[in-house]
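Both of the next two complexes hold subunit A, though its partner changes from subunit B to subunit C.
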Partner chain A sequence: MNMNILEISLPLLLEGLKATLLISAMAICISIFVGGLIGGLYISSNWLLHGIAYLYIKIFRNTPFMVQVYLAYYGLPALGLNVDAYWTGVIVLALYTGAYVAVILESGLRSVEKGQYEAAAALNIPYITMLRRIILPQIMGIVIPPLTSQFIMTVKESSVLSIITIAELTMMTNKAIGITFSPFEVYILAGIMYWAINICIERIAKYFEKKAVRYQA
Partner chain B sequence: MQDTIDLVFSYMPDLLNGLYYTILVSVEAIMIGFVVGMVLSVLRMGKSKIIKWIISVYISFVRGTPIIVQIFLIYYALAMIGLDIPAFQSGVIALSLNSGGFIAEIIRGGLNAIPKGQYEAAKALGMGNFQTLRRIIFPQVLRITLPQFLNEFIAVIKVSPLLSIIAVVELTRAAQRIVNTTYISLPFYIAIAIMYFILNSILEYAAKKVEKKTLLAK
Partner chain C sequence: MSKVEAAITVCNLEKKFGDLVVLKNINVKIKTGEVVCVVGPSGSGKSTFLRCINYLEKPTNGDIVIGEWWLRGTEEKSGSIHVGNEQVAKEIRKSVGMVFQSFNLWPHKTVLENVIEAPLMVKKIKKSEITKTACILLEKVGLLDRKDYYPHQLSGGQQQRAAIARALAMQPEIMLFDEPTSALDPELVGEVLNVMKELAGEGMTMVIVTHEMGFAAEVADNVIFMEGGYVVEEGSPEAVFNHPKTDRAKQFFSSVL
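Let's look at the complex of A and B:
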């Protein structure tokens, strides 16, 4: 590869990499809350709450992420909400990931026997304490592997946000190509960066998974 | 409101044409992807360490990088080696190389479900390696993994809008074109969202049905 290409594109790509990491990290953190909320509603016995969660999951899982991004980007201003592109992107990515996280958490919550919830209630253990001390340690080993692949997905989907002019890695790649005119090399570089992020996520998750499975029966 | 709905319906032929291309691109991609996945899985069963390593790197790359990057890479790589092929074909190649990686992993899961004794029994009966795979192993693997193939098909449909960035006129690009001429965006994006939703819901339902059947057959 021509050294010139590297010299010009690397600073731009690193800037984009930083933005991608930040956007993905924020989206992942928010999505855990969203997923917990929707997953909790989904297992609720109230049909209305269950219905809302069901609809939410269906809509976000059965439409392409790119279309969701466009809808939010053009739809929010139409509703009178002037959110800038950056936050629109983060929010849509978080809501989208949240739908998948909800399904994963829901299947985890279901894997714990009903008797344990009832026993905890009988012992007068507060709900939050029950989740923290009894339920979550058991389901961690089950939910961490699918959550990992979901979060890797989130990092990958964040590339779609380049279409609404968010200066993340893919957008900066295109910018670098505009200067260097060597699309192939620069895209390879960007690909390696995404790849590196995702391998890191995988490794970190493996570490937590090892710690988590010791609670499993 | 009524005006907007009329407007969307007046452009329906364009949208339906886009939908047709979305389905076409996805079907072609999943079919070629299936072949790619099959070849990768068979090669991976061989003894050569180098081939195994190359394949695992390929699968890791395909699964670890965004599909946008892969689409652009293929698009520019084909141009770089002097092949002048239309965006549509380039998009199909990118999507099928991508889903090939995922399908190889699906097939691996299916292969793990087959007891080792079956390979040994086939060998004892004097069947060759290829014959064993073709007549004993893969028919079972395909039946076990059929629901996952349908899910992969849904996944391909969901990434196909990204082909709009290399100007393949599928559903999303068709909507963008209309938006560019009418300067009205939201109704058309809602319309295509509904179309994608219906398409994927039907496939999801089919996958669930098939999954139930394969569970019963076990």
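Let's look at the complex of A and C:
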């Protein structure tokens, strides 16, 4: 690689990497809360609560992320809500990921035998305590692998946010290409950076997964 | 809960799943300290009856009175009376422990952690204190040396004994057993029944759904025979097993005894 290309593009890409890391981390954290809430509503026997979760999942899971981003970016100001592009991007990415997290958690919750809930109920253990201490620890081994895939997707999908002027890794990559006219080299560099983030996510997730299933050994 | 003559009174209990009536016109009185075995063919409503007592199943009609607490059928019309059932169930569960056919131990917790979980989380007892009590209970069911094992490392009989200790840790006055030995290898049945016999000997009020007729004959003060959602026979083990009044009970006991 021409040293000049590296010299010009690396600072730009590192700046983009920082933004991508921050956006993804925030979106993933928010999506866990959103997904937990929606997943909890989804298994509710109350038809209204279930309905809300159902609708949420149907909308966010079955439309392209790019369409959601555009709709929010152009739609919110039209509705009089002036959210800047950055936060629009973070929130939409979180809501989109949250729909998948909800479905993953829901299938995990359903995988636990009814008797596990009943044993807790018969002992008067409060519902939230039961979820936190009895049910969730049991489903971690089941939900962490699909959640990992989902969070990796989130990092990759964050590249779409370049279309609404967010200076994340993909946008900075295009900027660097505009200066250096060397798409091949710069894209390789960007690819390596996305790859590195996701390898880290995989490693962290593996650690938690191993910890979660240790009791089965 | 005050020590009253009748620990559990069940009046006109009815349970429907949709249109299917699984319990009909059940009237049972269980006295404090009594051991009652509920027997009968599969699908006769034995387990459903037992599960109504601590409100794991919601009775559709009739009443269940335990101590000062009164559960009402969910379909009963008179005003708002059934609104409090969830709250009443919480009170009832404080003094009623339950043991399940499939043990339902929490697999991610050790035997000791299973036993101390509810006292820790519900009664907010100090960990050091409840651990001591738990060890005494585990000693009693013969599992003290297995306290740090996970459920999957134990045999079925050991798991069920751990489940009994878990229920006892909440210091119940009544214990419900839902076919506690049905999921066990034949040679492991005895160890669980022995623990139950010991409990009965200590004066625990027990309601036991079981297919172990020999055990019922030995331990029960009263036997209830159920068939098709009804209580068909009720009385001392001797009377119910040896001199059943109905043909259905005669037929059942002639094939199982």
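The rule is simple: the second predicted complex is superposed on the first by the 214 of 217 C-alpha atoms of A that agree within 3 Å, B and C clash if a C-alpha of one lies under 4 Å from a C-alpha of the other, contacts with A are read in each partner's own complex, and residues count from 1 in each chain.
The rule is short, and it goes like this: contacts are C-beta pairs under 8 Å (C-beta built on N, C-alpha and C of every residue); 3 or more make two chains touch, one makes a residue touch a chain.
These numbers come from a predicted model, not from an experiment.
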Exercise for review: Applying the touch criterion given at the start, work out whether A:170 contacts subunit B, subunit C, both or neither, answering first, second, both or neither.
Suggested key: first
Exercise for review: For A:59, decide between first (touching subunit B), second (touching subunit C), both and neither.
Suggested key: first
Revision key, fill the gap. The answer to whether subunit B or subunit C touches more of subunit A is B
**Study point:** Partner chain in contact with A:137 - subunit B first, subunit C second, else both or neither
**Key:** second
Point to revise | subunit B versus subunit C as contact partner of A:14, first or second or both or neither | key: neither
Check your understanding: Is A:70 in contact with subunit B, with subunit C, with both, or with neither (first, second, both, neither)?
Key -> first
Exercise for review: Tell me which partner A:125 touches in the superposition: subunit B (first), subunit C (second), both or neither.
Suggested key: second
Practice item. Could you list which residues of subunit A make contact with subunit B in one structure and with subunit C in the other? Key: none
Point to revise | subunit B contact footprint on subunit A (complex, rising order) | key: 58-59, 61-68, 70-71, 74-75, 78, 152, 155-160, 162-163, 170, 173, 183-184, 187-188, 190-191, 194-195, 198-199
Exercise for review: Provide the residue numbers of subunit A that touch subunit C in the complex, in ascending order.
Suggested key: 113, 115-116, 118-119, 121-126, 129, 133-134, 137-138, 215-216
Check your understanding: Can you list the subunit C residues touching subunit A in their complex?
Key -> 54, 56, 90, 93-94, 96-98, 100, 102, 104-109, 117-118, 121-122, 150, 152, 163, 166-167, 170
Review point. What part of subunit B is in contact with subunit A in the complex they form?
Key: 60-61, 63-70, 72-73, 76-77, 80, 154, 157-162, 164-165, 172, 185-186, 189-190, 192-193, 196-197, 200-201, 204
